[in-house]
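One chain, chain A, appears in both complexes that follow, with chain B as partner in the first and chain C in the second.
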Partner chain A sequence: MKKRNFAVWIYFAFLLLPLYWMVNTSFKTNNEILNYMTWFPQNFTVKNYVQIFTSPFWRRGFLNSIAFVSLNVVIVIIAAVPAAYAFSRWDFRGDKHLFFWLLTNRMAPTAAFIVPFFALYSNIGLFDTHLAVALAHALFNLPLAIWILEGFMSGIPRQIDETAFVDGYSFPRFFWKIFRPLISQGIAVAAFFAFLFSWVELLLARTLTSTAAKPITVTLSRSLGAGGWDWGVLAAAGVLTMVPGALVVYFIRNLMAKGFAMGRV
Partner chain B sequence: MKNRAWWFLIPSLAVMSLSAFIPLMTVINYAQYTVFPGSAPQFVGMENFVEVFQDSVFIGSLGRQVLFSFEVLLIEIPLGLGIALALPKKGKWVGWSLVLLGVPLLIPWNVVGIIWRVFTRSDLGAVPKIFQWLGYGGYNAASNPGDAWWTVVTMDVWHWTPLVVLLCYAGIQAIPEEFYRAAKIDGASAWAKFRYVTLPKLKHALILAVLLRFMDSFKIYAEPFQLTGGGPGNSTTFLSIYTSRKAIGGFNMGMGAAISIVYFFLVILLSWLLYTIMLNVGGGSSK
Partner chain C sequence: MGIDVSNLSKNYGAEVVLKGLNLSIPDNSFTSIVAPTGAGKTTLLRVMAGVEKPTEGKVYYDGEDVTDVPVQNRKISMVYQQFINYPSLTLYENIASPLRVSEENFSEEEIDARVQEVAELLNIRDLLDHLPEEASGGEKQRTAIARALIKEPQFTFLDEPLANLDYKLREELRGQFQLIFQEEQSTFIYATPAPEDALSMSSHIGFLHDKNILQFGESEEVYYHPGYVEVGSYLNEPQMNVLNAELIEEEGTKCFRVSDELQVEAFDQEKLETGRSYLLGIRPQDLEIGELEGSVTFDTVVSFNEIVGSTTTLHSDHQGQEIIIFVPEPKRRPEGERLTISLDPQLIYVFDQETSEIVTQGSRTTLGEKK
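Right, the complex of A and B next:
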């Protein structure tokens, strides 16, 4: 028992160390970062954070990210719920093939899609909008959401649907009153994954935006290359990008223990 | 009833046509032309594909990509399973451990690269300092290919093992206590319990973990791009870095498209192979 705990402690130390170093760096002055190797900030400063919060350049990046991530989650859930219902309840011609085709898009290497995305979205006037990024991220988020929801829905007996229809429920009323509460956990898991993969993605978000919809992740990697290597501000911005994710994880921690293994392979 | 299914699929198909189908068709179309920005495209048929397979940088990135994906699978799956088994099943620390495990998963991928860059850079990182203290003073991920490679692998292990832990942990929680009680009555050893109770029940979760980790490690881009930029030399240039370099570098876009198609089919083929192998190992039925 003791040896086991020891291994877990080592693992968590490994998990925390790079995070700690980032937080540590974000509270140092640039002079200290570059010239001294210290485990604690010697001249503790919040200057780096102040600089981010007072700059419209950084603030806009955050707002843009939040805008397209939310839009992506909404699009994905609205499209995935009926599709998953169709796959879990009915056999129709080509359903297996269609399901497989959808899943192959989850495997699609994003880099393979940047040229056509750019060409397509420029032509239809979506370039540099939140909608463009949200739609592009549906490439991998929608198949995953359908997959997860289909797993959840297949776990709910068909008799429930049939009984409701016999009792005279119309389809929309049945769906909202009876079915939706039953799959709410599945929707939460699917939304969580859609949020996750949209929030962390860089390549498509970078390709499809220039100024108006530029997300925080792109702001970060551009400012890194732009000559002014302000490591303190960079570290602080990095720490701030971890906050939304950490909040989401905190709120759904109970779900994570239960709902993660769902979805059909 | 049968036609009704298609009505339910319309929203998904509409979204996928904009985010997958039309772009894929465009790539297939481009791949047969030589497209230089500013001049009329020229039809060349399969020539781009021939050129892709003759490009030594492509072959090199492909080799590195396969090696990388298998290395991280070999480390992350056993490590993740081990940690999931070692975590206590309940108690006040469980919730916090799960939150902590979730954090690396929700950090934007290029920020993961930045974190590791800040952590390992020779002028401001902790890692070179630690190595120096351990007696290896020459660590430098920016100039030494071996160091760069293992830094990227370690970063990926750091980034994604938590996903394996979470998937396995959820699977373990779902195994009814009775199975273990029965095994105990039969006098099963700890190993036998693991081999004949835990492992078969976890097959589903493990397949999901292997597939997700394989697909995503095969697509890795932002993390090594931010950490090393694919260097030193080409030592950490993976397929995505190579592809995007070709696709937006202002070269022949037809070539970029041909690479994209080869890349896409490789992922599908290898995922399918892995899936089939895993289903057949250990007696087939996972459900």
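Right, the complex of A and C next:
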């Protein structure tokens, strides 16, 4: 028992060290960062954070990210719920092949889609918009969301649907009143994965935006100032980038625990 | 009137479940569809209810073709073997739900009155504010039945509603069902593999066999006058003995020859053909251990005892043919014990071996004729 605990602590130490180092760095001055290796900030400062919150350059990055990530989650859930219902409940020609093919989309490397997306979006005027990134991310998130939700829905007896129809429910009313509460956890899990992918994805987000919709991840990777890298600000931005993810996980952790157990994650 | 099913077939892919089935279920009857598990009872119920479309054939409610009418527009309800309730709604809301979605726009008072009434009937009034997951199996099924009854459906389909309950609860609910269903003005169609369920509750029985209804009629009629050996054998509990016999003729009298030792003089001799093979159906409860006057006696060897409740189903062997004897007490007899069995020839059903159709039956096999 003791040995096992020990191994777990070692694991967490390795896991948390880079995170700790980033938080640590974000409260240091550039001078300290570059010249000493210190476990705690010698001259504790929040200057880096102040700079981010006061600079429209950083703020816009955050807002852009939040905008297209939210848009992406909404698109993915709106499209995945009916699709998953169809895969779970109905038999149609090629349903199993289609279902598997969807998942294989998730396996394709992001880079393979860069050129077609860029060309397409430039032509139809979507380039450098939030919708462009949200749609591109949906290509990867949608299959996963359908896969997760299908697992959830298949865990709900078909007879519940039938009973509702026998009782006289119309399909939309049944879906909203009876079915939606049953799959809410699945929706939370699917939304979480869509959020996660979209929030950290860099390649597509960078290619499909220039200035108007530039997300925070891109800002992070491009924030080379005239005086070289501003390490402190960079670390602070990194910390702030993790905050939304941590918040999401915190608020839906109960839903997710059950979701992981039930669905196909 | 009632439900008419004409030339109904149902396939799932290449698998044929029902084929060319015709059935007329009378109005205000309690009809049981009886068959072993996997024979297609559930499919038949689902097609009649309209939750599934037939591959071929028509379904009529009161003479009206409803084959293409969606289930929402039919005045029916359904109870499943699994306890199906809406998990996110309380039992009260579960029961009230058909009234809430009804086009008749019931007032809150009307809904409450109806919910309380059916909840009272099913003995779940104290649980109405619970969620389904907080209720026991029996309570869940009571709720499902309450929901089925509240909309006062024209037809109520019950698909093995007692199958997932434990024995005692089953007995209890079965007794209550009879009272409940007598009060309700609805036609009930009940699928069950259990002959005792069918016989105790239903006014009519349809026996499903080989993708079709083999026999349909009033319960007593079907029980006392089985048209086929399958029906007679299945509907008896424990199942009817079926013995292979050959018809021989000795000195002008025809006899059923089961073995050298067991030969029974035939009745209705003109219907029988010498040299032909017949199946003799004998109910286990009609066999007596010991010698009785006026009976044919033969010997069997005990193979094993099966104690069922407070009775015993005694399995024995007579020259390679199994003989089941019903003993109305829980008593084990040692394996290998030799028993003398008495059989009243007038309690025998005679079926044709090739077609399995009934040829004739003894004069004391019918209701009221037993000693």
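We take it that the second predicted complex is superposed on the first by the 255 of 265 C-alpha atoms of A that agree within 3 Å, B and C clash if a C-alpha of one lies under 4 Å from a C-alpha of the other, contacts with A are read in each partner's own complex, and residues count from 1 in each chain.
The working rule: a contact is a pair of C-beta atoms (placed from the backbone, for glycine too) under 8 Å apart; a residue touches a chain by one contact, two chains touch by 3 or more.
Source: prediction; values computed, not measured.
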Clash or fit, chain B versus chain C on superposed chain A:
fit
In the superposed arrangement, which partner chain does A:Ala235 touch: chain B (first), chain C (second), both, or neither?
first
Return, as a multiple of 10 degrees, the angle whose vertex is the Cα centre of chain A and whose sides reach the Cα centres of chain B and chain C.
90
Touch check for A:Gly168: first (chain B), second (chain C), both, or neither?
second
Mind working out whether A:Pro56 is in touch with chain B, chain C, both or neither, as first, second, both or neither?
neither
A:Ile146 in the overlay: touching chain B, chain C, both, or neither? Say first, second, both or neither.
first
Go through the superposed model and pick first if A:Phe12 touches only chain B, second if only chain C, both, or neither.
first
Would you give the minimum C-alpha distance from chain B to chain C, in Å, for the three-chain superposition?
9
Please name which positions on chain C make contact with chain A in the complex.
49, 51, 70-72, 76-78, 80, 82, 84, 86-89, 97-98, 101-103, 144, 147, 151
Complex contact set, residues of chain A against chain C:
157, 159-160, 162-170, 173, 178, 181-182
Show me the residue ranges of chain A that touch chain B in the complex, using the header's touch definition.
4-5, 7-8, 11-12, 14-19, 21-22, 25, 33-34, 37, 39, 75, 78-80, 82-83, 85-86, 90-93, 95, 98, 102, 104-117, 119-120, 135-139, 142, 146, 196, 199-203, 207, 216-217, 220-221, 224, 231, 234-235, 238, 241-242, 244-246, 248-250, 253-254, 256-261, 263, 265
Given the complex with chain A, which residues does chain B contribute to the contact?
1-6, 8-9, 11-12, 14-16, 18-20, 22-24, 26-27, 30, 79, 82-83, 86-87, 94-95, 97-111, 114-116, 118-119, 123-126, 129, 158, 162, 166-167, 169-171, 173-174, 204-205, 207-208, 211, 215, 218-219, 221-222, 226, 239-241, 243-244, 247-248, 253, 256-257, 259-261, 263-264, 267-268, 271, 275, 286
